[in-house]
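There are two complexes below, and they share chain A, which is joined by chain B in the first and by chain C in the second.
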Partner chain A sequence: MADLDTKPRPGASRRDFLRGSGLAAASAVISGPARAALDEAAAEAREAQDAVPVLSGQVKITLKVNGQERHTTVEPRSTLLDTLRHRLDVTGPKRVCDRGSCGACTTLVDGAPVYSCTTLAVSCQGKTIETLESFDTGPEGVPHAFHQNDGLMCGYCTPGFVTACKALLDRNPHPTLEEVKQGLNGNICRCGTYVGVLKAALAAAKSMKGA
Partner chain B sequence: MASWPEHPRLIGTRIPRVDGMAKASGRAKYPSDVRPEGMLFGVMLYSPHAHAKITSIDTTAAEKMPGVKAVEVIAKAGATLRYQGDDIAAVAAETEEQARDAIAAIKVVYEVLPHVVTEAASMADGAPKIVNTGNVRKGRAITKGNVNDAFKKADATIEGTYSAPVITHVCLETHGLTAKWDDKDHITAYASTQAVGPTAAELAGTFNIPFTNVTVLTEVMGGGFGSKFGADLWGRTAAQLAQKAGAPVKMFLDRVQEHLAAGNRPSASGTVKMGATKDGRLVAMEAHTHGTGGVRGGAGFPLPYVYDVPAASRTHDDVMVNCGGARAMRAPGHPQGCILMEAAMDDLAEKLGMDPIDFRIKNLAPNDFHTPIYLGELAIGAEAIGWKENRKPRGQGGKGPIKKGFGVALHQWGGGGTQDKQVTCIINPDGSVELKSGTQDIGTGARTILAVIAAEILGLEVGQIKSNIGNSTFPTGQPSGGSTTSPSMAPPCYSAVTAARDALFAKVAPALGVQPADLDVKGGKVLVKGEPKLTWAEACRKLGTMPISELGKFQPGLASGGVGGCQFAEVEVDVETGVVRVKKIVAVQDSGLILDLLTWESQVYGGVIGGLNYGLFEERIMDPTTGVMLNADMEMYKLAGASDIPEIIVKAYDPPEQKARGVIGVGEPPTISTAAAIGNAVSNAIGVRVPVWPMSPRNVLNALAAAATEGKA
Partner chain C sequence: MTMKAFEYASPSTLDLALKALAAPSSEALSGGTDLLCRMKDDVAAPERLVYLKDVKDLAGVKGSAAEGVTIGAGTLLASVVASEAVKASYPALWQTTLEVGTPQIRNMATVGGNLLQRPRCWYFRNGFGLLAMQEGKSLVRLGDNRYHSIFMTDGDALFTSPSSLAVPLIALGATATIVGPNGERTLPVEDLYRAPRTDKQRELTIEPGEILTKVTIPPAKGKNASYEIRAKQSHDWPIVLASVNLTLEGETVSAAKIMLYGVAPIPWRSAAAEQALIGKKLSVETAEDAGKAAVKNAQPLSMNQFKVSLTTTAVKRALLTAGGMKYWEA
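Presenting the complex of A and B:
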């Protein structure tokens, strides 16, 4: 867990936030250590101005998806999910709520699960993007456990559950049932497949251990 | 009369679904996943107002936007929009981002009209009339016996007011399709539908082309629950945009419009007066109920429900509100009827001082086929939940703030199949076997059970059967609704496979110098008088170049309808916060002969979890002032997550006489009584009736506060 937290995450950096919020400009009326910190941030921001271009219109990007370099054109507002689905035909991750509350779009970015519907594609350049299409479909893989334990019905939430489950087992290979529930709480199923999903997650943990 | 094998090898065992790996590996292509060459993205413009008239609509700017290829106006100037989410226009563009921009650039001037979005507002004196015929559509009063006289015989009478909210389907794959014109009068539609045939018919009718020119494909789909039986306006619009633009168009609703316009389960409210003699026999019921199905009505539900009430009178009003129209939702009407009936049953048992199970048993109709089923199921369920040892009388849920309670409820469902559907079974010379039918699998396992039947009859493994469904050009299959798919499809599948097997025997027997009647199949081999002689592949090779193709139709004796089930709930209620935790649910369900126990259990678990959502979390919340839905999303519209799932015990009630009834569907029955059982468990725990579903903290605390005011708690 600690490992994950130190990794850079997709999205805005502290620097971008300060620049965007106008706090740097307000530093004139602040004194002391706070001012020094803001001055430093403002300097960093000026320096960054050249390094981080402002994107608009159609942007050519390269994404590393499931081990392949994929080139496409997006808009700065295009989400990672829509880019994968609409431009690259990587349709494993699904669009369901489209606002980061149901987990059907879960994708691994640099190994960490993210809601790809609320992640911008342009922020994922240079990162490793994995969708469940790249997972091991053999008897030790998570998809196999979902299949055998009937952890799916209509199957539309399944990619998100499978990906969240893989991410959970990557960082905690020996989860208890409670930990599995916690690890999958960011995903919603409407058919009511949770019983099979929980069995599948525990079975996957077991077969990964070779037990 | 045909019959299922007496000692099946596969039928009734746990068989993983045949498309399970495709779904679990992300490789299954849903209708919303396909992207034919040159495909455009369609986006809908829908009403922001609950009730408005369009003064003017101008799409000029939108048409000139980058990437825009077609614009379709649905509601022209003068048209009335009757709910938030009502359709106005649609755009197709090269990217979805461009289509959304174009939607935003359509200039609409609205004349906002007065609205009503709650039943109270709609029924209030002086409410704006939103339907010409009046906001309240009075149903025909139904009376059985002399109710007033019957009530005089009652030793105990209760009168309760109970209600359940509107909920929405929340299909994870929203409504829609991808439309592709193959030429000027042939269309292929990848549709997220529960009915490929009717969807094809709707498109054929819309464009005045022959049914044979339409192909609707639904390889897999992301949930329907009763709300996806046609192309719908959105699908027809996609096809129109595709025609205009000369390119395929994908049109799937956004999550907000899905909540607003793509169907819902109507609410139910009512006053139920019910009386019984002191030995626990019901004598009379009088119920006045109402509900809303939005702008179209359709909020009826069965009452009395399950129990034998000698004298009953019932009135029901459909209340119109400026909200999207109701659609069938998993056992339409029954969950509502079950809540009102079972709450009243529990309250009356309480007043009589009787055990709720004993009271229920006393009031099952003596000559009804359900009655022995209920008796068997109640015994199993009571044992599994520990009713005798654990359940305390109402209000004795414990000393601390966390109160424990137990509840029970019964349900029934007709189900049963149609007798006119068809399946083709093809046996190829290379030994491959294919089933074809124009039904579809909405997540129930329909594709898998057909393969199970074929493998059973042909002595093969399930993986050797290609179960090819979800195509409107195949022999007519059953729409997936009413728990009718399995009982409609299993008999023609049996017929087709049996006929194909017999045709193979007829071809092979002369080559072996025996009679067809000497042949059998087992373990991938063809047997002569019980001795393995040929492998399946060797036998099929004798077909030469000509495959066998047999069309199977209905045969009597293989399917049936009509089920009863019961569910028990154990809950803990925190009377300080109002939070209800369901600890355990027991579901006992009959459904005749179970074909695949694994997918059968999933259906029952899923039904129970759907019922848990209805009992604890779900409600559509409308703002009476602005007329908009406040929780058209998936965070404030509450659905259970993994941590909300209690221990669920599923028991199949399938003694030999039940198996002998043949195949019966199970999609709907197990979702009916869960919410009622949970509500009864809550009142058992805290000592007062929570009359308003769901059992949310607010509704629980309100009930406790009301009881405190009345000096009851």
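Presenting the complex of A and C:
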């Protein structure tokens, strides 16, 4: 919903402060307005030769995130992860390696777990995007199983593990330990709490089927 | 680092994609797992990305073992793994696809993107170019070269060819189809690659503005298998991978194609290993002999002697796997 995007927050949060200072820094390096106008004219000339729309600069997009239509403005180079975190305040997926190597940003796009740091936001329009904010936090949910089984230490990789675990159990509700290991091997925990994570995944599978 | 700004087009047909790609400094984007990371590292800075995943005709696995299988370049690796036809008849390809990256990568990355990814050489990835020459000296030879080539090392290209899928596909005799402004051409998968002679040359033969549309694997006959040696169970490229495709007459090997990954700047065909095997019965001894023959002319660099023994082992185990033998019981 559009009103969520502009919802006022009480006081200035640390996130608002960081976002504000980032904008200030960015505007300091933007080239002159004349240059920008020239670039725009060149881009338009190129677009005229194309039969498909060519997006550049600021692009208005609509993303379906956790069941809600969210409207925002991004650049073509904005990743899904940065758009979720910085534009839509969906901060469950974490930015760690930013190179599709660690799994902390794992997000479900059309039900499949992908690395949102290596996915362009503009390419996700019309797709169903789910982050762990939408998961069941009750006793049958995956987050609860991680809590109960010590599936985290510092916790920064945990959202990625929880999301990959949910995706695995959606596809395979009765995984063996080996299948859990394969399903979660796109995520890294530098604290090394893998034993707890694997226990949590098996426990979540158990409680989901009500055993 | 944030990527440099670029234009973005997401055409829905191949024709529109070719038109959009005709603009200068355009690159095709598919899974993004390689290209976007190179852009973040400022090794690539295209002015336009043409997103190919909305061209639905590019994705899908068609055919059967009897008539051969065609895999669209836009097919997700996860879809290749899910294909019963690939799993049953082309285990060399299926096993290698299953071992690419991670579940998330296989949900994003495509067959075409895997075949056309750029080398993982750390000099290239840090902006020193494919040949990594400075003041006439090779940084690879001077520096850390533990993951570089052991064949063709008398040349200047010392990186290793990065596509693990190319190796089983070439062993299986697959062809690639490329569409460009001047029409369509079909070539053996091995002809997608070359060892560059200058820093200006790419290791890929596909031209700017062209799109790889599909790979076609001929009907499956004989036995094929892959064996991969890697440092980590996931998240990584193989250090060495061997793919073998054998034709048997009775128990005798009448024809063999043995391809290696991780040893040369192109997918490396080991004619020596093939010759060591042809006309013989496949056994632990002949598999080991073929593995030894494969590295007879290897010229490792200062830090990658270990790849020579890994290659011997990979060839031996791939052959035994193809023959239905368990290498750990041998």
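Basically, the second predicted complex is superposed on the first by the 159 of 211 C-alpha atoms of A that agree within 3 Å, B and C clash if a C-alpha of one lies under 4 Å from a C-alpha of the other, contacts with A are read in each partner's own complex, and residues count from 1 in each chain.
Following the convention adopted for this analysis, contacts are C-beta pairs under 8 Å (C-beta built on N, C-alpha and C of every residue); 3 or more make two chains touch, one makes a residue touch a chain.
Owing to the predicted nature of the structure, the values given are computational and were not obtained by experimental measurement.
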Request  = Judging by the criteria at the top, classify the pair chain B and chain C on chain A as clash or fit.
outcome  = fit
Key: Touched partner set for A:Arg85, first chain B, second chain C, both or neither   = first
Query = So, does A:Val180 touch the first partner chain B, the second partner chain C, both, or neither?
reply = first
Query = Between chain B (first) and chain C (second), which does A:Leu132 come into contact with in this model arrangement: first, second, both, or neither?
reply = first
Message = Looking at A:Leu169, would you say it contacts chain B, chain C, both, or neither? Reply first, second, both or neither.
response = neither
Ask   = Between chain B (first) and chain C (second), which, if any, makes contact with A:Arg77: first, second, both or neither?
value = both
Request  = Would you sort A:Ala204 into first (chain B), second (chain C), both or neither based on which partner it touches?
outcome  = neither
Query = Is A:Ala112 contacted by the first partner chain B, the second partner chain C, both or neither?
reply = second
Request  = Tell me which partner A:Cys124 touches in the superposition: chain B (first), chain C (second), both or neither.
outcome  = neither
Ask   = When the two structures are laid over each other on chain A, which of chain B and chain C touches more residues of chain A?
value = B
Message = Which partner chains sit in contact with A:Ile188 here, chain B, chain C, both or neither? Use first/second/both/neither.
response = both
Inquiry  = After superposing the two complexes on chain A, what is the shortest C-alpha distance between chain B and chain C, in Å?
reply    = 5
Remark   = On chain A, the footprints of chain B and chain C overlap at residues 75, 77, 98-99, 101, 182, 185-188
Interface residues, chain A side, partner chain C - complex = 43, 46-47, 49-57, 59, 75-77, 79, 98-101, 103, 106, 112-115, 118-120, 122-123, 164, 167-168, 182-183, 185-188
Remark   = Within the complex, chain B is touched by chain A residues 75, 77-78, 82, 85-86, 89, 91-99, 101-102, 104, 131-133, 135, 137, 142-144, 146-148, 150-159, 162, 180-182, 184-198
Request  = Spell out the part of chain B that touches chain A in their complex, as residue ranges.
outcome  = 16-17, 19-21, 23-30, 32-33, 35, 41, 95-97, 170-173, 220-223, 225, 254-255, 442-445, 598-599, 601-603, 605-610, 633-635, 639-643, 645, 648
Inquiry  = Quick check: in the complex, which residue numbers of chain C touch chain A?
reply    = 2-11, 16, 19-20, 23, 29, 32-33, 36-37, 39-40, 48-49, 51, 53, 78, 101-105, 107-108, 233-235
